[in-house]
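Sharing a structure, written as structure tokens. Questions coming.
Letters A, B, C and D mark the chains in the order given here, with residues in each chain numbered from 1 onward.
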Amino acid sequence: MSDEKISQAEKDEAAYFAERAKAGAAAAQAAAAPEPGTLFDVQEMELNFGPQHPSTHGVLRLVLKVDGEKILEAKPDMGYLHRGTEKLFETETYPMGIPHTDRLDYVAAATNNHAFCLAVEKLLGVEIPRRAQLIRVILDELQRLSSHLVWLGTSGIDLGAVTPFWYAFREREQILDFFEEYCGARLTLNCMRIGGLPFDLTPGWTERVSEFISDFPARVDDYEQLLTDNRIWKKRTIGVGVISAEECVEWGLTGPIIRGSGVEWDLRRAQPYECYDELDFVVPTRQNGDTYDRYIVRVQEMRQSARIVRQCLERLEAGEIRGKVPRVIKPPAEEIYASVESPKGELGFYCVSNGSNRPYRMHVRPPSFINLQALPRLAKGHLVSDLVALIGTIDIVLGEVDR
Amino acid sequence: MALKKWLDRLALLDLFDGLSVTGRHLLKKKMTIEYPEQKKLPSDRFRGMFRLDEERCIKCTLCAIECPINIIYIDWHNEKNEEAKSVKVLDRFDVDLKRCMFCQLCEEACPTVPKSIWLTTKTYEMAAYDRNESLYLDIRKLTDWREAPNVKPFTVVERG
Amino acid sequence: MADEKAPAEEKVARPGAVDASGHPWVRSIRAALPDTVVSAKEFAGQVTVVVQKDSIARVARHLKDAEDFKYCVDATAVDWKTRDPRFDVVYHFYSFSKNARIRVKCGAADGEEVPSIASVFLAANWCEREIWDMFGIRFSGHPDLRRILTWEGFHGHPLRKDFPLEGIDTGAAVYPEEWPEGGGPSQKDPNRKVVS
Amino acid sequence: MTLSPLFWTYVKVVLLVATVPAIVGFVIVLAERRIMAFMQVRLGPNRVGPEGTLQGLADLLKLVTKEDITPARAEKAVYFLAPVLAVIPALTALAVIPFGPPVRIGRTVVPLWVADVNIGLLFLLAITSIGVYGIILGGWSSNNKYSLLGGLRSAAQLVSYEVPMGLSLVSVLLMTRSLSLVEIVKRQESTHLWFVFPGLVAFFIYFVSGVAETNRNPFDLPEAESELVSGFNTEYSGVKFAFFFLGEYTAMIIISCVAVTVFFGGWLPPFPNVKALEFLWQVPPVLWFFAKVGVFVFAYIWFRSTFPRYRFDQLMGLGWKWLIPMALANILVVAFAILLFPGRTTGLVWLAWVFGGLFVAMYFLAKLRQKLARRERLAAEPHPVEG
């Protein structure tokens, strides 16, 4: 530790102990005060929602102030899953960072890999072969499907509809099988490398995927038949957590949330990376910005992803899968920000290089973290039952929030 | 418009639609794999437990260097063989499997052809009562872990 | 990487960063807020503007109102350890009409406060909390500057370069009943118990 | 030697108290888990015993051997009493359910009900609503905020759904002119008409409120695993939890039994007056009764695996804004139909045709409309998803 650091730490420490002494005095005072009122004497009640709660999708903790069941205030408290990924990036060479990105948004590892690789490739100025681009897009979109399927299942369970979960996971299982066949892992894929891909496709993979994809819209129809028109589902979601387009921009919300509020903004369309610019797909948007619209947007996105995968499969042709990347990756001492449209929104990597083989600083711009920020705003005035719908509709993954 | 709304409300069509989906699935093929008796074989590229070929290994320690979390420990020393040539002999080749994240970077880094350390062993049953004992692999375990005790017979389920 | 001696295969020729003082956005900032822009560069199509620390909130406001950078993508920091000032606070803004991002940076020495932009962009709120948590840079005027990923009372700021990678002994897990609020005892706390 | 009727009553009580929990534990729970599993393309419990038939025993053993926890600062007496309150009324209510016509055993004629109370329906309504106190008190006494919320939800649910349930039964009373459940079945036999046909609306209201009353999906708000983490029974474990469980499932059986008795002709076979179907009488009436109850239990399970959960305020809204007015209007309509042909059942038959026809017409109209709307939507979509 340098001297100035120690002095700073000492200052912090002194402040901390002073604060604790103050808190201790306050606690003593409170203990001396008469017994606080029981549950029925107070109007407001503090409710700890999580970290061990079935519908916080991980270890999110919300400290709620409730009046009856009405939420007056919600304070998210996270960090239970903080693993210091950004610190780890700094200590390792660039290729060694990719497995760590799997653990950020662990239901959509491929897009994380992609964003990381994209940042480094931009820094290096590497061109990626066309076949690798197409395969990357296929992996991305399959990953989007699987992530949205997890979202559909879990947010259905949050609202009491148990069955879509199993149907969604049945399809997701097939997608994970494809991933397993391609790269050998089901969840933490590590399926991209800087400059391209680690493997070529296995024989028969494309046929199996295209068979699955042509079957997929019918499966989505099943989910929709269970939920979209269902009066209970509509009642639980329409008008819950309404957020306007302006507010979305103000809060920095991304992904299906901002599209559900009527902003047609999708990085695949706005700033196309890989070969998205030549693909034909629709960016689904809805106008009302409530939970139901976000649901519709995500379901539509699943259909569009299936379309994208089919188009890419048609365009696949033999070729290289890895661009010309130096054996030792030493990017110029520059900084770069690169982002992809992950299933949750804009996933960005801000990479600062000092010319060595390790990133000097690698910062993740996690969509879940920024989206979660709006949860108190969305939840205010709603009931506890709506809160689970809102957590579901934001679609957070705590691995990404806490990093 | 109002008439349509009332029609939809009173006919309970949405509810019957939902019921028909679940009813249809009542008799559909079940996806459950009854695990110990039935097993799904992992794919050829499946990243599972490690295996090491001591003969092939040239003791270059590239795998240990490439490992993002430094769980491969290699020690070696030089020895003269019968032709009085100096050869590297492994003292220690340990993989701390309980921390491994199965990223396959070690296998990619391995310069020998075929690879001397590989994960594509189609093994995933690594549950153990004692992590420190069973999931810490030394050379012996890395080279002959196949002596798995008590494997009950099972049927293989088709993938996909 | 493994063998540093391995002959680097053909290096990809790449133009480095170029000066971007003449970029319209930079000029716009210069015109509205003279003496704020320290330098500006462009690399791989990404514009970076370095501004004075004290004027960062005003620059953000100007970019938002005049240049239509309505969307705060991200805010983070970089620890340069030996440089003076020690930290860079980095903001990314996005403009829907231009479909482009701009990176605004300002330096901050250890212990200095940076004006908060949380009142300009709501999205920056948690980002700034994270910077405080991870780097120990305080933001003046922030509505709720608490630690966000670590707990209140945690000692040190993990993403500083001098924070050990192995982490520090917080003691929190060992004696939860002793430190109920999660604050770990520091090395010098007389009440600290050490497990043998 | 003749055995006194009192003896037979004792036998029946013991049989009921002994068999119903066993049926709940072994049959219904297993059926629920397996049927739900089948609907969700999985297999469900099939390991304990052949095809999982002994799962109930395993569950029972687990619950009995589990540690019985009482939270600190809980209201001990109430906490202990609540599960009992949930079970006893549910079992008591079974007393008035007629499972079948009287049977002859030896020289005595034994009726297949414990008691034919002349205020049967009222008794049922009164006694089943006591069961909810178990849930409310259990939620309150656990000293847990989630439980408290669950208990409060249950209280609100009770208040809003007792009323439509009672009102829907009133319209049946107009048809039977008796509260005795045995009398109601006999009346259906003599009118050659199950009351579900003229009482279609009443049946709908009754069943919806019945589902709500038993805290089953889509009205399982007091439990709501994903919101309140099991609500009122969060803190309960072991035998006490088993009691709550038993109470809930027994209540479900009772609601089904009453629905069968009041609307579906109790132990009568389908269409008792049609000559061609007379062979149906060969099946013992008790079996008919149980088969019908089974259909209802299946419906419960089906609903549970299909529908999302209502929100608290929407549940109340449904009860007060829809079911109660509908029930009141239904009473008027039924009364009118009965008064139109005093002393005869023609009005009821007409009513049955009107209700049935209306519903079928509406259903098919809505279906048609849905099809047309879907076609329009597909046509309007800018990039239809091919294949």
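Simple rule for what comes next: a residue touches a chain if its C-beta (ideal position, glycine included) is under 8 Å from a C-beta of that chain, and two chains touch if they have at least 3 such contacts.
Not measured: the values here are computed from a predicted model.
S.K.: Among the chains, which is located farthest from chain C on the basis of C-alpha centroids?
M.R.: D
S.K.: Across all chain pairs, which one has the most C-beta contacts?
M.R.: Top-ranked chain pair by contact count is A-C.
S.K.: Just curious, how far off is chain D from chain B if you go by their C-alpha centres, in Å?
M.R.: Those two chain centres are 49 Å apart.
S.K.: Just how far, in Å, is the C-alpha centre of chain C from the one of chain A?
M.R.: 21
S.K.: Rounded to a whole Å, what is the gap between the Cα centroids of chain C and chain D?
M.R.: 61
S.K.: Based only on mean CA positions, could you tell me how far chain B sits from chain C in angstrom?
M.R.: 38
S.K.: Of all the residues in chain A, which ones touch at least 2 other chains?
M.R.: In chain A, 88, 95, 163, 167, 170, 226-227, 229-230 touch at least two other chains.
S.K.: Of all residues in chain D, which are in touch with two or more distinct other chains?
M.R.: Within chain D, residues 39-42, 305-307, 370 contact more than one other chain.
S.K.: Where in chain B do residues touch two or more other chains at once?
M.R.: Within chain B, the residues that touch at least two other chains are 13, 15, 18, 21-22, 25, 31, 66.
S.K.: Where on chain C does chain A make contact in their complex?
M.R.: 1, 4, 6, 8-12, 14, 16-17, 43-44, 46, 48, 70-74, 76, 78-79, 90, 92, 96, 99, 101, 103, 110-111, 121-127, 130, 134, 136, 147-151, 153, 155-156, 158-163, 165, 167, 183, 186, 188-189
S.K.: Can you check the complex and tell me which residues of chain A touch chain D?
M.R.: 39, 45, 47, 53-55, 68-69, 156-163, 165-167, 170, 214, 217, 226-227, 229-230, 232-233, 235-236, 280-282, 303, 306-307, 310, 383-388
S.K.: Give the list of chain B residues in touch with chain D in this complex.
M.R.: Counting only chain B, the residues touching chain D are 4, 7-8, 10-13, 15-16, 18-19, 21-23, 25-32, 34.
S.K.: Could you please specify the touching residues of chain A with respect to chain B in the complex?
M.R.: Contact set of chain A toward chain B: 88, 92, 95-100, 102-103, 163, 167, 170, 173-174, 177, 180-185, 188, 190, 198-199, 202, 208, 212, 222, 225-227, 229-231.
S.K.: Residues of chain D touching chain B in their complex?
M.R.: Touching chain B: residues 35, 38-43, 46, 302-303, 305-307, 359, 362-363, 365-367, 369-370 of chain D.
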